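Please see the structure below; I have some questions.
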Amino acid sequence: MSVQLAYLVAALCFLLALKGLSTPRFARAGNLLGAAGMALAVVTAFLHGAVHNGLWILLAIVLGTVVGVPAARSVKMTAIPQMVALFNGVGGAAAALVALAEFHDGGELLFRVATVLTVLIGAVSFSGSLVTFAKLQEIMTTRPVVLPAGRVLSIGIVVVSLGLAVAVLATSSTALLVALTVAGLLLGIAFVLPVGGADVPIAISLLNAFTGLAVAASGYVLANTLLIVAGTLVGASGTLLTRMMAQAMGRPLANILFGAFTATVAQAHSEEQRTVRSGTVEDVAILLGYAHSIVIVPGYGLAVAQAQHAARELVSLLEGRGITVSYGIHPVAGRMPGHMNVLLAEADVPYEQLKELDDVNPGMTSMDVALVVGANDVVNPGARDEPASPIYGMPIFDVDRARAVVFMKRSMRPGFAGIDNELLYNTKTTMLFGDAKDSLTKLLAAVKQL
Amino acid sequence: MRVGIPAETRPAERRVACVPDTVRTLLGAGLAVDVQSGAGTHAHAADAAYRAAGAQVVGHDPVGEVEVVLSVQPLEIAQARKLRQGDVTISLLSPSNELDLVRVLADRGVTSFSLDLLPRVTRAQGADALSSQALVAGYRAVLVAAERLPRFLPMFTTAAGTVPPAKVLVLGAGVAGLQAIATARRLGAVVEAYDVRAAAAEEVRSLGARFVELPLEAQSGVYAAEQSETFLERQRELIAERVAASDVVITTAAVPGRAAPVLVTTDMLKAMAPGSVVVDLAAESGGNCAGSVPGEEVWVGEVLVHGARNMPSGMPVHASKLYARNVANLLMMMAKDGVVEPDLTDEVLSGCCLTHAGEVRHEPTRGLL
Amino acid sequence: MIDLLTIFVLAAFVGFEVVSKVSTILHTPLMSGANAIHGVILVGAILITGAAESGVQVVLGLLAVFLATVNVVGGFVVTDRMLEMFKGHKR
Amino acid sequence: MRVGIPAETRPAERRVACVPDTVRTLLGAGLAVDVQSGAGTHAHAADAAYRAAGAQVVGHDPVGEVEVVLSVQPLEIAQARKLRQGDVTISLLSPSNELDLVRVLADRGVTSFSLDLLPRVTRAQGADALSSQALVAGYRAVLVAAERLPRFLPMFTTAAGTVPPAKVLVLGAGVAGLQAIATARRLGAVVEAYDVRAAAAEEVRSLGARFVELPLEAQSGVYAAEQSETFLERQRELIAERVAASDVVITTAAVPGRAAPVLVTTDMLKAMAPGSVVVDLAAESGGNCAGSVPGEEVWVGEVLVHGARNMPSGMPVHASKLYARNVANLLMMMAKDGVVEPDLTDEVLSGCCLTHAGEVRHEPTRGLL
Amino acid sequence: MSVQLAYLVAALCFLLALKGLSTPRFARAGNLLGAAGMALAVVTAFLHGAVHNGLWILLAIVLGTVVGVPAARSVKMTAIPQMVALFNGVGGAAAALVALAEFHDGGELLFRVATVLTVLIGAVSFSGSLVTFAKLQEIMTTRPVVLPAGRVLSIGIVVVSLGLAVAVLATSSTALLVALTVAGLLLGIAFVLPVGGADVPIAISLLNAFTGLAVAASGYVLANTLLIVAGTLVGASGTLLTRMMAQAMGRPLANILFGAFTATVAQAHSEEQRTVRSGTVEDVAILLGYAHSIVIVPGYGLAVAQAQHAARELVSLLEGRGITVSYGIHPVAGRMPGHMNVLLAEADVPYEQLKELDDVNPGMTSMDVALVVGANDVVNPGARDEPASPIYGMPIFDVDRARAVVFMKRSMRPGFAGIDNELLYNTKTTMLFGDAKDSLTKLLAAVKQL
Amino acid sequence: MIDLLTIFVLAAFVGFEVVSKVSTILHTPLMSGANAIHGVILVGAILITGAAESGVQVVLGLLAVFLATVNVVGGFVVTDRMLEMFKGHKR
């Protein structure tokens, strides 16, 4: 009874952990709570269940910790996604192993169904995760890999797996279960190979949900409520999360997973030589909401969008969060001298917030975010760096020296001078496409949500 | 009864006390209206427009032939002599400046009303010509200053450098002062203001301007009371620094029935940046600024002092429209079925009634006579 | 049986509900956190190893314990690192 | 080398080509500066201020004693005669009006630059005096109109009735036109505008004003090209109704090097409400409004037509500040280590170079000579 | 198995019903889904469980329907709260009856605990609800009733109830269980009597949560998962809801329930002769968001708060929802002629939206909401109706003729004229206290949430 | 047992979560809707009456059926009436 209670408490911890992780304010606390719940569950299981092999188990745990912690500690921020993939994979493998080890003749049908599911999904998750790891780590190509006759092959593996699964249910044969494991491993590989580089994180998220389901299924195998609850939580939230991630990238999930099989998408991929990073309103909101200093550089687009009021509001909201915000007013921003002054005065922006080139540029490197609202030429680094540029020599705001740059414009079209702006392709830059007023209004709502 | 609108005769008066629109209001109340030909010329109200509205345009001064006379400026003494017992006249009459006229009006038993004396109560707001004309004056004061200032009011960041916004200081935040604040803010100036009344601070801020807090006692009440010379001395000392920092100063301080307090001295003017402009809306009642002359522009060093004279007259169309509506609203309080019969027990009417039935009813004026 | 199904349904609902309003920037940390949580399979691994009868079971079980531990500890640590950006900002 | 700033001699010119601030810039580039005493008087820049900035104030016209002459208006012919081979002069010189002067400058081998000819390219924006002075003109055009209008620009709902906002029509939405739009909007007017250039529609809307769509072909390019008389005839027909509906019309239409197109006829003026005001910023180059005379106010019926003359001069402090910065920026493009040596292969410098080494380099002017 | 599945589906329906009911958009659909789930559950129970007495059961159901539907249909909108209370009470009674009927000797401890809880809570809920009904229907006084020695009495009943409960657990005596029922009924009465009129709805909400818990407990009695899930859902959501309702009224829950026992509150009650209805931002947001036509009357407070920009934004948001919004500009609003014009022009409000007295007043009766932002004198009906009023004769906006009035001001203080405004106490009026800019900004966020 | 407890915990969490962001104006309809839902006791009442052995049980059971029915139908109908204001507005 008390063991079950401990498990229940652990389940509750996980639940609250996920809840915490979905708001910036409580994300860290949530993660810690999850860890605490895990500790409780593991200690309980050990004290209560490690009747035999206690020392060995301890050793395995120590070994796992010795491998896991330094790996997680030392990984570079940029390599975190593949690390997550790896952790997910080993989780899936563990679930499959548990089911394999627990498999025995006879038992209820439910027991066998649960075992088959655990093994199959766990194996898919394991091998799939390894492939995603290889892709992100660039051990293999990041481009979608479509084997000759790839579609046929994939369908073949699926059919074989299903056949094996049914066979296991019917016969309870351990050999067939091992064969099913192998089929699952192949299925995982076949599943992830065709996914293109940029979409890999979404595949990881889906595999993560899979592992959750495998764990839930293993809970049925072991008749353990904790595993059911925790696995289901992860499975459900992971599925929704995957959909949301795909949505955030503006692509339907099916397209991402099976897109490589269709010609159109492959074409789109090859056309797009220079990549532009386009963010969502929420991304930008968090970038701004957690910054310490922000400079806003308005341009003609602010005027076209008549977004001056929205800009002022956003600024006062950010200032309310204790963030330093100023406007960088370029001498020739807009289409007439003083264009920005007229607009911002209309919106009642205090004059003290308006800064000139010389006030802003020296401190640009310490700016967390430069928010470029409908400006283009006046922040084009070509004017500073490329003597061949027709605007060479014009002073600009050096926003490319800020820690992050956000551009609000409607398209990739150039500004008045009609020339391309390298900064749009910079890795520091996030594009927020759309009418500036629209974007600012949405941003306002999003920052309020933080 | 007939209502008469004589052409204004006082110099530089361009307004008119009744516009075609208000003619219709008066006709609606059963009154007839006689307008002297050309009365509306300056206010761009042609005789034809009056006729179209239903007035009778007469070639001569209707005073003496009508029972009610409406005018902007007080009547001439000669006109007043033509009035008969019980005739009614309404104008903007400041009695302390027109004692002779008041005597004639009283002697002839005329019932005269002055919008200058109108009580500032809620119910009387429709007739409050001081407010409506102060609105015009405050607005124009800023236009006059902006036009004469050799620099921009708003800020501009341009390829040829940045122009900082002009600083405007408004002294006296009554109706005119508040409107001046609003207009200067509209044009992009950085505005601050001071007034002795306690309520003014919030009112100034409600227009987005800064209120200059001085360590002086604030007054309560609708109007400012007269201040002692020591108070004013101290005020000048304290405000000097703000004046020096300003590009434009607009002064509107007034105490009803008294000479306007002097708030800006010649020394203070000299401390201002060359080219600065002062507009003194109180110039006619003595002036808030040393050396200001009503209707003239005086250079004090490199600072231009514009002494306002009849500022609302500079914008005759709308000043007349508002004034005419005020007068009509007052008249409607005493007109019924074509007869004008003031009920002097009414707080508003008795408050602005100057003479009636041979008597001078306005206490302070009686004191002066 | 039906109880376990009920638990499954309720837990699934909670899973959906809890992440339904997460902002984009938290997608990755949330995924990573969930990833750590499914490391709870460690509990299952411990239980079967503790009750193992055959040598094969012990080996499989210990391997599962090891892998699950990696998943758990790595998962929580890496999530915490990702979340460092959210700490310490005053409001 | 020495840079000289003569006092401006042309009538009603109140600006100055170099202010104490830009003296410092020039000194910083290793140049010396001679300022004629009193050159800055109208712009409220005292001799003392120039001295404080490091200039030498001289009692007489420095032209002939210095290598570089900066001025607002073109030099007098007598002054030009004093220049020597290789001397540099910069001013706002409209060559078609000054053919005699151009001849003298060419004859004497002077290197003369006119800011009137400056290419409108990004890099030259710091020297773009047409823009900076148009900014001043557009702003002042509205102030002038507002001061002369017998009514309010903004809307007011008051106890004495509601005053509707004034309607302002701006014809020509170049730099001056856009600024006029902005200023009129600030004052609360309802503003609409028209221009032949296609890009103007968005620019007008970007200031919150309405763009008047006419069924006429729009032009592309930075400047408007000359329009045929039939085009203008049709434009006048179409715009007439908007003019009649306006209380204020501000015209700024110009075609570089040509007479300004006539957009408003006397008939159109007569259809406007009495008391309306037209400010014609193009008056000096022929006028957009029939009957406008530069520097004069003409009543056409009951409509006042203000013909602008040197509008920027009316605000000498800031007009000079901006102009001086433009000139200094241009000079900095050719100055190095105290020597002024224009590189005439540079697109900007060659674009605005009028005469050099005895030659007239400006194509159209050469045609006129 | 299929029976259990049907119950599970019904539980899911209830869950989604509650979710739907918490957003305006899906509230109706949620309620219908709940009803559908209920139909499924009842039909299932009938088909599967009505082994005996089937006809009698059907008759009871028909009778219940014949009584319940017309009562719910014909009740006046204003009497709905007491109707809800009544329905809640009979639900509690039903739960108690079920437990009483099912009670038998022996059985597990858990069974007995569940029975005791069901009976006790059900009884409390029943009698408590009847008292709230009586209060709201004004069958009895709406004022808090504090019996002499009320506190002692209440504590006595609680002690007796607990004693009886323990006794039942120990003895399994039916007689004692009946006694417990009676004690529960008394407890319910003692619990609700001291709650004052305005707070009764909160008591109803709490009793509603109680009934939910009683049903959940009865689920343990009958070992029925559906009852457990549904009862718990209602119990949990009801508890939270009660807290939120108390918060919305700005009073801690304890104060509402037990406040009458303390002297201070009683005093506050007697001072407050005229009641003012103060709403929350969310109330007003829904009022506005679901209106068709709104007139905003700004006054001096708008200027003081410098809330012109916030007002303009709110209006454009509302217009985006297809709502007709205009501003009513009073000739003397503010402190100088044209004060409102200056402010609204600064915020770039189109002139066409500004309406005068004569434009607005004739259509006032068809306005869904009149939103008074920092105005007071200019909407004071005294100027129209009370010849003795110092402002009698001034024309006003007849906002009291609109369907609903919302006042934004900081306090109950009068305006410039210094006189009281009857409209503040009108039942049509909702006060939204606070600085106008603050309130508008919050309102903006709340309307966006709709 | 523990399963029922788990169900209880999960259901309670869902109950909290689902109403945690409800706006004030929906407080009363939500309360009323929840009120109708706890009328599910009707299921319990049917079951015990259907399995009743003694006459007392039948009487108690039938009374419970009647009361629970009133709760259910009245609850849903009255909630629907309250929610009429939310219908029919576009967007």
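Labels for the chains are A, B, C, D, E and F, by order of writing; each one numbers its residues from 1.
Assume a contact is a pair of C-beta atoms (placed from the backbone, for glycine too) under 8 Å apart; a residue touches a chain by one contact, two chains touch by 3 or more.
In UniProt terms, the chains line up like this: A, E = NAD(P) transhydrogenase subunit beta; B, C, D, F = proton-translocating NAD(P)(+) transhydrogenase.
Bear in mind the structure is a predicted one, so any value in this text is a computation, not a measurement.
Asks: Which chains are in contact with both subunit C and subunit E?
Replies: A, F
Asks: Would you mind telling me which chain pair, D-E or B-D, is linked by more contacting C-beta pairs?
Replies: Counting C-beta pairs in contact for D-E and B-D gives the edge to B-D.
Asks: Nearest 5 degrees, what's the C-alpha rotation angle taking subunit A to subunit E?
Replies: When the C-alpha atoms are superposed, subunit A turns by 180 degrees onto subunit E.
Asks: If you average the CA coordinates per chain, which chain's centre is most distant from that of subunit C?
Replies: The chain farthest from subunit C, judged by C-alpha centres, is B.
Asks: Please identify which chain has its centre, taken as the mean of its CA atoms, farthest from the centre of subunit D.
Replies: Most remote chain from subunit D, centroid-wise, comes out as F.
Asks: Could you tell me the distance, in whole angstrom, between the mean C-alpha positions of subunit D and subunit F?
Replies: Taking the average C-alpha coordinate of subunit D and of subunit F, the gap between them is 80 Å.
Asks: In angstrom, rounded to a whole number, how far apart do the mean CA points of subunit A and subunit B lie?
Replies: Going by mean C-alpha positions, subunit A sits 68 Å from subunit B.
Asks: Give, as an integer number of Å, the spacing between the C-alpha centres of subunit E and subunit B.
Replies: Centre-to-centre distance between subunit B and subunit E: 56 Å.
Asks: Taking the mean of the C-alpha atoms as each chain's centre, how many Å separate subunit A from subunit F?
Replies: Centre separation, subunit A to subunit F: 40 Å.
Asks: Mark out which residues of subunit B touch at least two other chains, giving numbers and ranges.
Replies: In subunit B, 125-126, 131-132, 135, 154, 156, 158-161, 163, 186, 188, 208 touch at least two other chains.
Asks: At which residue positions does subunit E touch at least two other chains?
Replies: 7, 15, 19, 225, 229, 306, 331-332, 337-338, 342, 345-346, 348
Asks: Out of subunit F, which residues touch more than one other chain, so two or more?
Replies: 1, 3-4, 6-7, 10-11, 13-14, 17-18
Asks: Which pairs of chains touch each other in this structure?
Replies: A-B, A-C, A-D, A-E, A-F, B-D, B-E, C-E, C-F, D-E, E-F
Asks: Spell out the part of subunit D that touches subunit A in their complex, as residue ranges.
Replies: Listed in rising order, the residues are 121-123, 125-126, 131-132, 135, 175, 178-179, 182, 185-186, 202-203, 205-208.
Asks: Within the complex, which stretch of subunit F touches subunit E?
Replies: The contact residues of subunit F facing subunit E are 1, 4, 7-8, 11-16, 18-52, 56-58, 60-83, 85-87, 89-91.
Asks: Quick one: in the complex, what on subunit A touches subunit D?
Replies: Spelled out, the residues of subunit A in touch with subunit D are 300, 303-304, 306, 331-332, 334-339, 342-343, 345-346, 377, 383, 390-394, 417.
Asks: Which subunit E residues qualify as touching subunit D in the complex?
Replies: On the subunit E side, the touching residues are 329-332, 337-338, 340-342, 345, 348, 351, 354, 356.
Asks: Can you check the complex and tell me which residues of subunit B touch subunit A?
Replies: 154-165, 188, 190, 208
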